[in-house]
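What follows is a pair of complexes built around subunit A, which joins subunit B in one and subunit C in the other.
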Partner chain A sequence: MNRRSVLLTLQIAAPILVLLGWALWSAGSTNIFYPPLTKILSVFRDTWVFDRVGSDVVPSLTNMLAGFALSIVIGVPLGILIGLVRTLRTALAPIIEFVRAIPPPALIPFGIVVLGVGTGMKVFIILMVGVFPVLMHTIDGVRGVDPGLLDSARAYRVSRRDRMLHVVLPAAAPQIFAGMRISLSLSLILMVISEMVASTRGIGYFILQAQRTFAIPEMWSGMVLLGILGYLFNLAFGTIERRALRWHHGARKGAS
Partner chain B sequence: MTDEAPMLEVRGLGKTYGDGPQAVHAIDEINFTVARSEFVCVVGPSGCGKTTLLRCLAGLMSASTGQVSIEGRRLDRTPEEMAIVFQDYSRSLFPWMSVEQNIAFPLRRKRLGRAKQQQLIKDSLEAVNLADAGRRYPWQLSGGMQQRVAIARALAYEPQVLLMDEPFAALDAQTRADLEDLTLKLRHEYGVTVVFVTHDIDEAVYLADRVIALTPRPTRVREVIDIDLPRPRNQLTTKELPDFARLRGHVYRQVRQLDDGADQREAATAS
Partner chain C sequence: MSTSIIPGTRRRLLRSPKFTDGLLGAAGLVTVLAVLEFSTIVGLLPEKTFPRVSADLRELAGMAGAAELWTAVGHTLQGWAISFALATVIAVLLGIAVGSNAVLYAATSAVIEFLRPIPSVALIPLVVLVLGTGLQSKVFLATFAATWPVLVATIYGMRDVEPVALETARSFRARPRDTLLSVVLPGAVPYIAPGLRVASTTALILCVTAELVIGAPGLGQSITVAQAGGQYQLMYAFIIATGLLGVLLNLLFVALEKRLLRWHPSQRSQGGVQ
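Right, the complex of A and B next:
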């Protein structure tokens, strides 16, 4: 076997071994807090395939993706603007740093007061956290655009609009994607947190409710589901990123 | 006797960076003109403000004093009739665009219509011997090929004046010789006026109709030297001509600020 297939085998084998270890260690467990893995998995099947998908999973993911999408729609254009205009950057930097420094759960009471306990509040909380990595990375990306590329566009009298869309934006794209990746993970975390307060549905609500009613295997199954969802989101994001930034990876490989 | 304005005229051009005691006086005063279809090389000692001069010519930087005009019209930003080939091709071609897209991008503003645009792209790629590279990306090409793409982009733009800023400085000697000859061929075919900035004296003498030698900072024109070598030029035969050696030596002394007797005296003191 060559080195590549050894590594691939290891990548597949290690998680399976961990699962097997968990199953063996927890088999026949009577400890209420650590139910057998087989029990967790059967509860998982009964709960999530596909009993509570419509009632909990779909609303949760809708909030999360709405918050994430808004983070991008607001963060990228605002980041480009702030990145390009020095006076704006100087004026806004302290404000951004201040708002960013507030621990996100502390925003929930404010969100409830202003937006109530519904979807709006949850999306707001996700947005308030998710927008910053996109914003900060976009600002950095825009400031880091190679001046040679900008000269080239200016020398050929490329219009301001085309310079933004076809030079600045793609040149900053590797940074923007890095910010979006962080924002995606944060969106999932904030989705759960926002559902643990004053909520009546969602995966986060389900886990909290299961814990409060001592439905421990159900609680575990919710945690497993979140792990799987997070993994799948990262996988999907990675695929999109590789396609969008093919030139970037190609150029970097070419340079080394 | 005609009153036709020169293709490019530089008059009283000066550039000072900053102000007060920290000001850097980069260009003192530069005057020269370039006739239509002429090939002019600008050479000067290292750090003499060649790039500053080119950026002022290109309208990428505003001069502190004086002005640049193209066919008698004073210019403030890069005029439509001017295309630029930069030294660093890896920072002037857009890596997220294919070769064709790179060439097409500056043409967007011209609204040429699809057929005309495709024709320009095809012709320019053929002119630089890269007819098959249109769908590839710059980073998939060698340095010499990338610089040929940059030249194709400039040609497709249909400029009257082509500014080249040390375009072959980053390439190996053989690629460099090939691209020098390609540039001469294209100048002949397209009849474009070329202003070519270089620090390489051999290159300047080989390519130019006239060489403009600059002084160190604050920069002035030291001498304008007519290069009356026969055309077409050839990497071997032209460079073997006694006149080539004479002109090369003359430009070298001008740029290095040696007077014609200095090197003999130097040789005498060394022995």
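Right, the complex of A and C next:
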């Protein structure tokens, strides 16, 4: 076996070994806080496949995806506008810097006061937080568009609408996707926090409730679920991004 | 003749882009505040849950002399500082080890990819059980979350060192230690510095989250207490104070980055990194 395949094997084997290590270490565990992995997994199966999917997982994910989708729908056009108009950019810079610097959870009490504890508040909070990475990256991406491209499009009298759709948007796309990826992971985090602070259902509520009633294996199963969700979202987004930006990676590979 | 110089410089100052940009920014800020204030006055926003901005700011100004605000700020900053320092040390050391060793990199990269997307807030319940609701929990959560950006940035930076620089060092028979300290690490700094900025923000976010969710003392706790007590002006004042703290830390890190990367092309041309 050459060195390369050894390294590849190691890369695949390492996570499995870590899991096995956890299973072995916790096998005979009597510590109430760290139940055996097998116990966690069996509780996981009983709880999440698919008993609580309708009552907790679906509402949580609906809020999260609604907030994330709104972040994109609002962040991208606003970012393009601000990125193209210099006056607007300078005028809004201090206010954007300030709102962006507020640690997101600090806005939850504000959301509760203004919108109550329902679905609207959660989507609003996720939107409030998720919109900024998309907005900032779109602004940066639009500012980085090669002026030569814009000038030639203008010289060919490409209409304003087509210039936006076929020159500015594709050129800023790699940056926009980077912003969307950050926004996606923030959305998941805010989904959990908003349910921990004020909710009667959802994954975050379930985990906190399990902890308060000392249902430790249930609590662990919820944490495992969040880990799996985080990983899957990351994976799914990576796939979408690679597909959407195939032309970009191709162009870069060709250039180097 | 000498008097004509002063109006000349003044005119130049008034026309300098820095000055007009600042003026424009201030105008934007004032406009947004005025719109909010006016919306409350005409009843577009309910005065009860959305007090006038001027009232919130007056509340904040009134608190500036009281101990309550500064104690909360102190608690939050203390948690931030400890966890940021811990995360930096852990992540940079680990990143150097992993980034400079192919075997270690292969063994850890998949594990890191699995662990990194896990939302750190998922750990809150466990942390409360094991470490309680005080400073320790806050520091653990914030350190856990803030380690990833620096770790990933350090590994990337270590692996992305210019090959020519490395070969040059090798052909000069530089010792591995010297290569690491004067070729590889400086080459990784442009990656590490933005990682540190993200880590600072993340640490602050997680500290406030911990204060908010598990009730460790600090700004987050003060916000929830004010909200639960129906003192909405106080709540807004604390939220604004938290935002200002975030802005200050941001500015600090932008300045730090500029200093650390004085020699790097991204900082030499104006406006490379905002």
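What we mean here is this: the second predicted complex is superposed on the first by the 247 of 256 C-alpha atoms of A that agree within 3 Å, B and C clash if a C-alpha of one lies under 4 Å from a C-alpha of the other, contacts with A are read in each partner's own complex, and residues count from 1 in each chain.
Methods note: a residue touches a chain if its C-beta (ideal position, glycine included) is under 8 Å from a C-beta of that chain, and two chains touch if they have at least 3 such contacts.
Quick caveat, the model's predicted, so the values are computed rather than measured.
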Combined model on subunit A where subunit B meets subunit C, clash or fit: fit
Which of subunit B and subunit C A:Gln211 touches, first, second, both or neither: second
Touched partner set for A:Ile102, first subunit B, second subunit C, both or neither: second
Partner chain in contact with A:Val73 - subunit B first, subunit C second, else both or neither: neither
Touched partner set for A:Val58, first subunit B, second subunit C, both or neither: neither
Which superposed partner A:Gly250 touches (first subunit B, second subunit C, both, neither): first
Contacts of A:Val197 with subunit B and subunit C, given as first, second, both or neither: second
Superposed arrangement (fit on chain A Cα atoms) - minimum subunit B/subunit C Cα distance in Å: 12
Touching both subunit B and subunit C, residues of subunit A: none
Residue ranges of subunit B in contact with subunit A within the complex: 58-60, 77-78, 80, 82-84, 86, 88, 90-97, 105-106, 108-109, 137-140, 153, 157
Complex contacts: residues of subunit A adjacent to subunit C: 7-8, 10-12, 14-15, 18, 33, 87, 90-95, 97-110, 112-114, 140, 185, 188-189, 192-193, 196-197, 204, 207-208, 210-211, 216, 219-220, 222-223, 226-227, 230-231, 233-234
Complex contacts: residues of subunit A adjacent to subunit B: 146, 148-149, 151-159, 162, 166-167, 170-171, 173, 247-248, 250-251, 254-255
Touching residues (chain side subunit C, partner subunit A) in the complex: 21, 24-29, 31-32, 49-50, 102-103, 106-111, 114, 117-126, 128-130, 204-205, 207-209, 212-213, 219-220, 223-224, 226-227, 232, 235-236, 238-239, 242-247, 249-250, 274
